[in-house]
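One chain, chain A, appears in both complexes that follow, with chain B as partner in the first and chain C in the second.
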Partner chain A sequence: MNGHIEKKRLDNPPATIKLKIQRREKEGAPVSWETFELTYRRNLNVISALMDVRKNPVTIDGKATTPPVWDMSCLEQVCGICTMVIDDKVRQSCSALIDDLLLESASDTVTLQPMSKFPNVRDLKVDRSKMFDHLKQVNAWIELDGSYNLGPGPHISNDTAQERYAYSRCMTCGCCLEACPQYGDDNYIGPQAIAQARLFNMHPVGQMEIDERLNGLLGEDGIGNCGNAQNCVQVCPMNIPLTRAIYETNRDVTVNALFGWLKK
Partner chain B sequence: MANGLKIAIVGGGLAGLAAAMKIAEAGHEVDLISVVPVKRSHSVCAQGGINGAVNTKGEGDSPAKHLDDTVYGGDFLANQLPVKRMTDMAPEIIYLFDRMGVPFSRTREGLLDFRRFGGTLHHRTAFAGASTGQQLLYALDEQVRKWEVAGKVNKYEGWEMLSLVLDDHQVCRGLIAMDLQSLQLKTFKADAVIMATGGPGLIFGKSTNSMTCTGSAVSACYQQGARYANGEFIQVHPTSIPGEDKLRLMSESARGEGGRVWVPKADGDIRSPKDIPESERWYFLEEKYPAYGNLVPRDIATREIFQVCLEGHGVAGENQVYLDLTHIPAEVLTERLGAILEIYEMFVGDDPRFVPMRIFPGVHYSMGGLWVDFEQRTNIPGLFAAGECDYSIHGANRLGANSLVSCVYGGFVAAPSAIDYAKNVERGNTETNGIHDGELKRQQEINDSIITNEGSENQYKLHEEMGKVMTDNVTVVRYNDRLKATDEKLLELQDRFKKISINDSNLWATQAVPHARQFWNMLQLARVITLGALNRNESRGAHYKPEFPDRDDENWLKTTIAEYAEEAPVLSYEPVDVSLVEPRKRDYSKGKAAK
Partner chain C sequence: MAIKFSKTFLLRKLHQLTGIVPLGLFYFVHLYTNSAALNGPKVFNDHVQDIHNMAYLLFIEIFGIFIPLLFHSVYGILISAEAKPNVLGYGYARNWFYVFQRATGIFLFVFLLFHILNFRFGLIPGLNMTPVAGNADQAYAIVSREFQIVWVLIFYFLGVIATAWHLAYGFFLFAVDWGIVIGEKAQSILLKASLGLAVFLSLIGINAAIAFVRPCGLLPKALCEEPRLTTPTPPKKV
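And then the complex of A and B:
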């Protein structure tokens, strides 16, 4: 376990960096670009760079403009809200360190765009309410008799608990949908909802409602639309085994189709 | 829905969702108002776990011991009956989350596993990796989504509460909220309102809180007559990771799992920590507190770390100490602390499994909040509060892993309490419609004046100034002259606020107008915190004054109550319920002092 590698750092940082931001006044309005210059500091992330711009919204050409709008909350990559496309890659802006970005692009410019698969509210802000609707579609919850005191839940092995934990870390950020070539125009429910269905299908009590959950995945926008590009698993910031969830849920669908009549 | 009640809940974190679930389950309707989609609430940031004396480790733990640890850790400032009710309910709460499918870590037998946390000698903390808050919040989010599908819960996500609607008798009849995209205002009529908006960390500029934790809505309630209690008690977490945009939390579970805090014995020793032998390291917490070691309560650990750095013993002479996990096998760390270690690596670049972390205290939690009685009722009829935004439970200092349980407990008590009230209150009539329109108009006028204001001040810079003065003077160590100066500075900022310009010609989804309103409200709470601290001439829990270094039960075993007045908050005091555990001196240098 001594595979510890020291992180690569930017050795000769520039005095200033440039933030190139895609602007849009509101949904449907035309897109434009603005570039801002700010003083480099070590440990700067995209959020603190944006905060700098907000305090002084003047472009590199000296033009006063409106402060860019973006979403942020926890800044610890656990709420998912600050997701955007940074240098062509979808990710959370809080955990995008300027040093790393400059190292990777070998330039002094960082480019910010909103995710493209969701309605663009303004600038870098998008509306992901569709993702929460998808969770409704797959009944992503455990059915309880009531929330009063009925003692502990079932015994579960720690292995199963850990496997479920991996799925349960999904923060509905939308990276998987942004990267998925199949997702768009309501034609496919996408990896996040399938993985959440898997999370509950793996639970001894959740298992009892597996039919309802799989039903949500059998419509026209269902699991059959996965094209197996495997982009989702590459971009997931929580390292959720999304392709495995799709594979295993597909298997459940097949088993149900073959043997479902036995339950009738 | 002839007899159906409508209850508005502000805030969709653990407390708000807990209340929403209970109200929907009882057959009533909920309007749930939240500035962010509820799944993104600040509860996700809680890392270490949730306390409940389930006693599955054969240690003889019990809710009575949990009660004792909580009031002792809180330096006896908490009313004890609600704490007892919470510690009694805690095991059921954990079991309920277990039934909801939370992937808690488990034992060989497949039971819930428990770990140790600060301020106790028992394994009492259930945990799901190191993202327990996220996991518990998701479980409630899922249950509430089910009620949303059933038509019992209406979510208003991306809405911010601006004020309460009060009738002529100061009875709460609903609230006004703003759509954060269109800036449109709307009245929400309700038979009762539950506040569950969390803490006000942003008053300190940088803190471990999410960017939504402004305390703005609670401050609005305060300015409309709600009493605010124990505001001066602000927990500064001993271990956070300093950053440009925020201070990121390094969970207490790192110490719960065996993490050791140390600095090099020689000041300014610049060797890599690996090259500093055991004998040349100063494990100052273990030395001073042999019984609890690194797991002393947060206020103590914070002051010790702060003091060590103040005296120039910090690593490389800077404001930082080592939090060292490298003696624990990497695979054990990955399983039990993976999520938080990833955060450190992501933002600092070092892997804490191999390199000791560098940490420093950061503002973390408000023990103070809206005053509530033992049924979570505020002093305004029809207004309830639960979670971090209420003052009950934690006294002068909160124990680790008690926040999640207190949020759920608060929600579970506020819900039936609000239902009970709503069933018996005289319902609104045409007359009350007038008060909704009147309040809506008043709020619209405030928005209009912010939008049209033209001045030279930048509100984000003002916010920075407030954060700095509050962090410098109203956190770990407090001096009366500096507290006085802080209040003067806050008044100056209040003045300069009137000269801001929002700098945004596009009002669609602008953050400038909401921030301006939040900032004004934060200033009001900042004064409550500062003046409460100035007045309290003793040291207790998180409140420490070198000029008054001891706890003074004779004069100060009482709850601070702040009531709004235009000139300055009016402070008064009420006695603390100490009917269950007799106050005794806190001493963590030995095993716990005998009762």
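And then the complex of A and C:
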């Protein structure tokens, strides 16, 4: 064996499949559902299925409608922009293969919805700029610019480098926030920003601004609002150890914020 | 730059701490006293009397139990109100535990209100009207009479199980939220230990409740004999 696992495929695929899509004309407009039927092809994924619908946007009842709107870019699960809720579970639509979805649901219908935790711009498209605000809130960067050459940076242990690499894989897709039962209504900053704060807190130079980052995580929407349901780490498409980032930051917070005054 | 004062953060930490230190500690004492019923009415009543004889009892009741309980339950309900449960789409075990923790918390609010009025104060019309507080000599009789009513007994069983879960999983949540237990493997061990503790505390609590309707609870009677009264002999002089 060379370690390659042949994925299960439909033995007797249906002639046609159905896409049930949640539609919304613009932000604040009412939600409606439309179902489209399209011819099954081998290796169809959700994006190519949506492209088929876009070519001929006629619903299963024969009603001509507008082509559904969605976001896409890299088509290889590294940019995160095509994230949507597929059969009640959040994931990237580019890597969601129709065969897998039909095998899992044992039906011929795939349901598509936009992520519910972000403003719905139109159809399956959402505005994820909140996540960028969260990165700013936790100072998710390292202050490097100065008036003179600082020389080479300090060495990092291999363990630290490995863990930081895992956090650096975040593509800001929003899966963790969508699946988090605590995230929403600006209640909680969420795992995405906490993992990025951890990424820069673990950097020897970034360590110097740890207080700024922890302050960003100690407000009303702070890290204390984590409910430990651990859905984030289950749904993360990049397998980022998000809960480890949360619990290591919990330790930083306990040491620096809760018991910090004992050092005075 | 220094860490800024954060009210929300401190309240959260206080909520976690009150659940463990005054309330968790009190729960163990409470179970210990309840289990005395296994050895019969006299032993149980004596234990209740011992509590009545404690120094600073009123202060312990107010500052060690009543105020932490009120804070923990009211703030806990506020936390629960923030939850957006999604176990149907994401049915992972830990996601269910998240829901259980909130559901048992809300149930316990109702149950403890009933329990305190029922036994501590004897104020629920139609049920027991004699407070256990101040009537240690009737303590066993009061509880025993109450537990003859089937729905009351079942309600107490549910209360015991909900408390056992909420406290045992609460230990786990405390350890992870304070950054004590971080790693995946360590968490999995602690989680199993917590679930084991929940089962253990449930069994102890249920057995203690049964001891008020059937001597020695579910255990064989030989294991719980009422202590024989012996007349103390003065130590011999050499």
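Observations on the model:
One rule holds in what follows: the second predicted complex is superposed on the first by the 244 of 264 C-alpha atoms of A that agree within 3 Å, B and C clash if a C-alpha of one lies under 4 Å from a C-alpha of the other, contacts with A are read in each partner's own complex, and residues count from 1 in each chain.
Methods note: a contact is a pair of C-beta atoms (placed from the backbone, for glycine too) under 8 Å apart; a residue touches a chain by one contact, two chains touch by 3 or more.
Note that the structure is a prediction, hence the values are computed from the model and not measured.
If you put the two complexes together on chain A, you find that chain B and chain C both fit without a clash.
Once the two complexes are laid over each other on the shared chain, residue contacts for A:Gly80 go to chain B alone; chain C is not touched.
The superposition places the C-alpha centres of chain B and chain C at an angle of 160 degrees about the C-alpha centre of chain A, rounded in steps of 10. By the touch criterion stated above, A:Leu97 is placed in contact with chain B alone, chain C being left untouched.
Between chain B and chain C, the partner in contact with more residues of chain A is B. Residue contacts after overlaying the shared chain place A:Pro13 against neither chain B nor chain C.
In the overlay built on the shared chain, the residue A:Pro119 is in contact with neither chain B nor chain C. Looking at the shared chain after the overlay, A:Leu214 reaches chain C, while chain B stays out of its contact range. In this overlay, which is a superposition and not a single complex, chain B and chain C have their closest Cα atoms 18 Å apart. Residue ranges of chain C in contact with chain A, taken from their complex: 1-4, 6, 8-9, 12-13, 82-86, 88-90, 92, 94-95, 97-99, 173, 176-184, 187.
Interface residues of chain B facing chain A in the complex, by the touch rule stated above, are 21-22, 25, 36-37, 39-42, 44-45, 92, 95-96, 98-113, 128-129, 131, 134-135, 138, 142-143, 145-146, 148-149, 157, 181, 210-212, 243-246, 248-249, 329-331, 335, 339, 343, 346-347, 349-351, 353-355, 458, 460-461, 503-506, 508-512. By the touch rule above, chain A contacts chain C in their complex via residues 85, 88-89, 179, 181-185, 187-188, 209, 211-212, 214-215, 218-220, 222, 224-231, 234-235, 241, 243-244, 247-258, 260. Interface of chain A with chain B (complex): residues 1-2, 4, 7, 9, 25-26, 41, 43-45, 47-48, 51, 54-57, 66-67, 69, 71-81, 94-95, 97, 121-122, 125, 128-129, 132, 135-136, 139-144, 146-147, 149-153, 155-158, 161-162, 164-165, 168-169, 171-172, 199-200, 203, 205-206.
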